[in-house]
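In the two assemblies presented below, subunit A is common to both, partnered first by subunit B and then by subunit C.
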Partner chain A sequence: MKAVILDGIVLGLGFGLLGVGMTLVYGLGGVLNLAYGEVAVLAAIVVAQAMAGGIPTALAAVIGVLAAASTGLLLDLTLMRPVYRQSGGNKVLLGLLLTLGVAFVIEGVLTWRDPLGALSINVAGKPISILGVPLAVGSVWASVIALAAAAALLVFFGATIFGRAVRSVIQDELGARLVGISPALVRAVIFALSGGLAGLVAVTQSMTAPLTVNAGFNLTVTALIVSVVGGLGSVAGAFLAGVLLGIVDSVSAYYIGRYITSIVLLGAAVLTILVWPRGLLGGGQG
Partner chain B sequence: MWAQQARRALLRGPSAHRQVAPDQSAAGGIVPLLQAEAITKHFGNVFAVEDVTFRVGDGEIVAVVGPNGAGKSTLLKMIAGLERPTSGQVRLAGRLVHARVPHQVRRQGISIVMQTPLTFTSMTVLDNATLGAMFGPGHGVLTERRARQRAADSLAFVGLAQRADDPVASLNLHQQRFLELAKALAGGPRLLLLDEVMAGLNETEIAASVQIVRSVRDELGVTILWVEHVMSAVIELAERVIVLNFGKVLAEGTPKAVMRHPEVIDAYLGKAHIA
Partner chain C sequence: MTSGPLPRRLGTVVAGGRGRAFLPVVGAAAVILVIPQIWFAGSEYTTGLAVQALEFAAYAVGFNLIFGSTNQLFLCVGALAGLGGYATGILSDHASLPIWVGIAVGTAVAAGVGGLLSWIAVRRSLGVIFTGIVTLAFSLGFQDLLLGQEHLTGGSTGQVVNGAAVSLADTRLGGYYLFAAVVIAFLVVFRVLQISHVGWAFRALRDDETAAELAGVNVARYRIYAALVGSAMIGLTGALYAYSDGFISPPVFAFDQIDVKVLVLVAFGGLGTLLGPLIGAVVFAFVDNALVNSGQVRELIYGAIVVVIFLSFRGGFVPAVVNLAGGLARQRPAQGE
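Right, the complex of A and B next:
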C-alpha cells in the first residue's frame, strides 16, 4: 500500500504541474485552454528532435520549454484577443472552440510530420529508496522538478509584485485596472508561463514513460480535472488536487484496474463541482 | 502622532505636489488641472452625457450632483478611462487622457474610488494598499519594500493602520471605502475621482468621510472631483458644484448659489429642500 501511495504522489506532482497552467489561464482570462495538452506534446516533439540533432538533453529540454512558452504567448496575442473582448457564455464558448481548433491543428501537423514521434528521457541510475520503497531515478527527478516548480510558483504568486498583480486580476479585474495594473500584460505573461509549464510537464512525464504524439487529449483532460478540483485560479489548489488525484488514480488502478482511473478522476471532478463548487481552495486564492 | 507621520511621508512621496489652498482662479480661465471639453457619450440612441464642458483647478474640490440617470457616474468613468467618450476631449494638465485605458489613466495621475469597494478579498488590508502603491504616476513600479511603506503611510492617513494585517473581509463598508481611498492615495494621484462614496453611510461616518476628504486636499494637495447625493456633505466640502440633468450641465457655481438656482430646485432638490 505504501508503494501505491508513493507512486500516486509522484504521479500527482506531475498532475499538479499540469493543472497549474490550465487553472491560471482560466482564472485570468476565463479561457479553458483545450490546446494545453497539445502544447505539451509540441514541446515534447521539439525536445525529441533537438536531442536527435545532438543537442544535450538539458539544453534540449530548455528549448522545448521555451518553444511551448512562445506558443502560449502567440496564442494570447492572436486568437485569444477577440475572446477577451467577449463576456459570459460567449467568452467561454469562443475560447473553447478556438483552443479546440488549435489543438486539432497542432495534433494534425505533428501526426502528419512525425506520426511515431515520442519523447523519452532516460535518467540513468539505480532506484532510490524512499520510505523503504524503491523509486526509479527518473520518477525522483520528475518529482523534484515538480516540487521545485511548485515552490517557485507559490513564492512568485505570494511574495512578488507581479504575482500579486496576477492574483488581483484573477479576483477583480476592474479593481486591478483601477490600481494601474494592465490585465492584457498580465494575461500575456501568464499564457506564456502556462505554455512553459506544459513544456515542463512534457519533460518530467517523459522521464517516467514515453510521451507520444497522441497524448495531448489525455493531458488536457487531466489538466482540466485537476484545475476544477483544485479551484479554478488557485495555484496551491491545483497542486493539492494534483497530489490527491494522483493517489486516487494510483489506488484505483492498483485495486480495480487501469481502465477505471479516467472514470474515477472524472467522478472526482463532478463530485467537487457538486459539493465544493469553488474547488478545494477556492478560485484566485493564490 | 502616527497619522501626522503618515501625512509627512505621503507628502515626501511622489504624490506630493504641494500643500495647497484651492485654486480660485480655475473658473477664471487660468490653465486648470482637469479640462473636459464638449464630452458626449451615447449608448445606442441614448445620450448619457451630452456636450459637457467644465474645468477643475489645481487643488479644488468640485462636486457633481444631479438626479439618478443624469450622467454623473458616466462622466467620472470617462475621465477614469472606464468609458470612452463618443466625442469631446478630457485633458489632465494639458495632456489628453480620454483615449487611454484605466491603468494608463491611473499612471497619468487620476485615481477613482467607486461606490462599491473593489477590494481584493483574499488579501490583507496592507496587501490591498500595497497594490495601490505599486503602479502610481511618476514613480513607475515601486520595489516591494517602498510600496509597502507607502501603503502603510496611506493606511495611517485614512485611519486604518491598526487594521493593516487584517483580512479585508473583516472591514465594514465604511472601512472598505477608506481602504479604497488608501489604495488610491498610495498611487500618488494628482486628481482623485470619488463616485458616491458617502452613499449608505450614517451621519457619524459621513462626518468622518468629510474630514478625510478635506484633509486629502488640504494636506496632500490632491484635487478632487466628486459625484455625490449627500447634499449636506457637498455643502460642507465642495467649493464648486456642477449640476447635471439629462446628461447636460444645468448649473455651475458655489453650493449656495446652485441651491438657489430655480432650475436646480425644480429638477433635483425640490421645493421642500429650501423650505
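Right, the complex of A and C next:
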C-alpha cells in the first residue's frame, strides 16, 4: 500500500507539471490550449531525433524544451491573436476550435514524418530506497525535476516583479494595463513558458516510460482534468490536484485495473465540477 | 447568424405556411433517393463512399443540433456512436437478443449519456469550456473502456456483430437507402425543432445567453434537450453502422476517425444550418476520397481546414459563399438604377 501511494505521488508530480502549463495559459488568456499535449509530443520527437543524431541527452532535452517553448510563442503570436480580440463565450469557443485544429496539424505532421517515433530516456543507476520503497532512478529524477519546477514557478509568481505583473493581468487585465503592464507581452511570455513546460513534461515522462508519437491526446486530456480539479489558473492547485489524482490513479490501477483509470479520473473531474466548480484552489476566474 | 432570414420564416409559420419550411428537406430527400439510379448504382465502390457520406451526414446532423444550435462543444461524437454500436454488438452477441433491441438500447444509452454530460456541464452554467473538457475526457475514457473490457468488446481486435444485415453490406445499395432514410428523418426532426418553440429558444440562447435567460428561456433545460436528441441521433447512427457493417472495433469510433471529420464537415457546411451537414458530408466525401492514399497527411489537412474555416468563416464556408452570391445579386440591380 505504501508503495502504491508513493508511486501515485511520483505519477502525480508528473500530472502536476503537465497541468500547470495548461492552467497558466487559461488563467491568462482565457484559452484552453487543446494542442498542449501535441506540443509535448513534438518536443519528445525533437529530443529523440537529436539524441539519434549523437547530441548528448541533457543538451538534447534543452533543445526539445526550447523547441516546445518556441512553438508556444509562435501560437501566441499568430493564431491566438484573433482569439484575444473576442470576448466571453466566443473567445473560449474559438480558442478551443483553433487549438484543436492545431493539434490535428501537429499530430498529422509528426505521425507522417515519424510514425514510430518515441522518446525514451534511460537514467542509469540502482533503484533508490525512499521510506523503504525502492524507486527507479528515472522516477526519482522525474519527481525532483517536477518539484524543482513547481518551486521555481511559485517563486517566480510570488517574488519576482514580472511574476507579479503576470498575476495582475490574471486578476484584472484593464487594471494591469492602467499601471503600465503590457498584457500582450505577458501573454507571449506565458505561452512560451507553457510550451516549455510541455517540453519538460515530455522529458520527465520519458524517464519512466517511453513517450510515443500518439500520446498527445492522452496528455491533453490529463492536463485538462488536472487543471479543472486544481482550479483553472492556479499553479499550486495544479500540483495539489496532480498529486491527489496521481494517488487516485495509482490506487485504482492497483485495485481495479489499468484500463479503468481514465474513467476514474473523469469521475474525479466531474465530481470536482459538481462540488467545487472553481476547483480546489481556483481563484476569481470563472 | 440567423437574424437575416428569421423574420420571413416567422412570417410563414405564423401565416400557416409551415409546409414551406420543409421544402428544403423534401428537395434534399428527392435528390438523395434519385441520385443512385442516375449515377452510381452500378459501382459498388462509389456506393460505399456514398453510404459513408450519409453516415457522416447523420452524425453531423446530431452534432449540429448540439453544437450548432446550443453552442455545446461535444467532443465525443465518436464515443456516443460507439455506445450505440457496442450496445448493439454486445446485446446481440452476449445476451442473444434480437438486433433491434440492441439498436434501441444503444440509442437510448447514447441519449442518456449525452444528456448526462450536458447536465454536468450546464448545471452551474459553467459554459462551453467545461462541456469541451468533460466530453473530451469521456472520449478518452470510452476508448480505454473498450480496450479494457475485452471479454465484452473483444478489445482491440473488435467484434463481429451477430444478426447484422449481411445483405446490406453486400449489395451496398440497401445500406445506402437505410442511411438515406436515417438522414432524411433526422433532417425532418431538426426542422421540426427549428420551427417549434424549441427552435426559438435555441436561437435566443445561442445569440445571447443572458438575454435569453432574462426573457424566461430555461437555458440549461434547452441545452440538455438538444444534447439528448442529438446524442440519440448519433447513437442510432452508430448502432445502424454496426448493424449494416457487421464489424466494430475501437478505431471505428475513435476520436480522430469521427470527431475530427464531423467537425470539419459541419464547419464547412455551416454551423446550425439545416442542410449544412449534408452538403459538408458530400463535399467531404470527395475530399476524403481524393486524399485516401495520403495517409497521415490527411489529418494535417483536416486540421488546417478547421483552423482556416474558423478563422475566416465563423458561420461556415457554404453560408459565406451563399451570402456573398446573394450580396452580389442584390448589388447588380442597384447599380443599374
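Throughout what follows, the second predicted complex is superposed on the first by the 283 of 286 C-alpha atoms of A that agree within 3 Å, B and C clash if a C-alpha of one lies under 4 Å from a C-alpha of the other, contacts with A are read in each partner's own complex, and residues count from 1 in each chain.
As a working rule, a residue touches a chain if its C-beta (ideal position, glycine included) is under 8 Å from a C-beta of that chain, and two chains touch if they have at least 3 such contacts.
The structure presented is a predicted model; accordingly, all values stated were derived computationally and were not measured.
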| item | value |
| --- | --- |
| Room on subunit A for both subunit B and subunit C (clash or fit) | fit |
| First, second, both or neither for A:G54, with subunit B first and subunit C second | neither |
| Touched partner set for A:V105, first subunit B, second subunit C, both or neither | second |
| Which superposed partner A:R164 touches (first subunit B, second subunit C, both, neither) | first |
| First, second, both or neither for A:G175, with subunit B first and subunit C second | first |
| Partner contacting more residues of subunit A (subunit B vs subunit C) | C |
| Minimum Cα separation, subunit C to subunit B, after superposition on A (Å) | 18 |
| Interface residues of subunit A shared between complexes with subunit B and subunit C | 286 |
| Footprint of subunit A on subunit C - complex, ascending | 71, 73, 75, 120-121, 123-124, 126-130, 132-134, 136-141, 144-145, 147-149, 209, 255-256, 260, 263, 267, 295-307, 310-311 |
| Partner subunit C, residues of subunit A touching it in the complex | 32, 34, 79, 82, 89, 92-94, 96-98, 100-109, 111-112, 115, 217-218, 220-221, 224-225, 228, 232, 257-263, 265-266, 269-270, 273-274, 277, 286 |
| Contact set on subunit B toward subunit A in their complex | 80, 82, 101-103, 106-107, 111-112, 114, 118-123, 127, 130-132, 134-136, 141, 144, 147, 183, 187 |
| Touch list for subunit A against partner subunit B, complex | 159-161, 164-165, 167-168, 171-172, 174-182, 282, 284-286 |
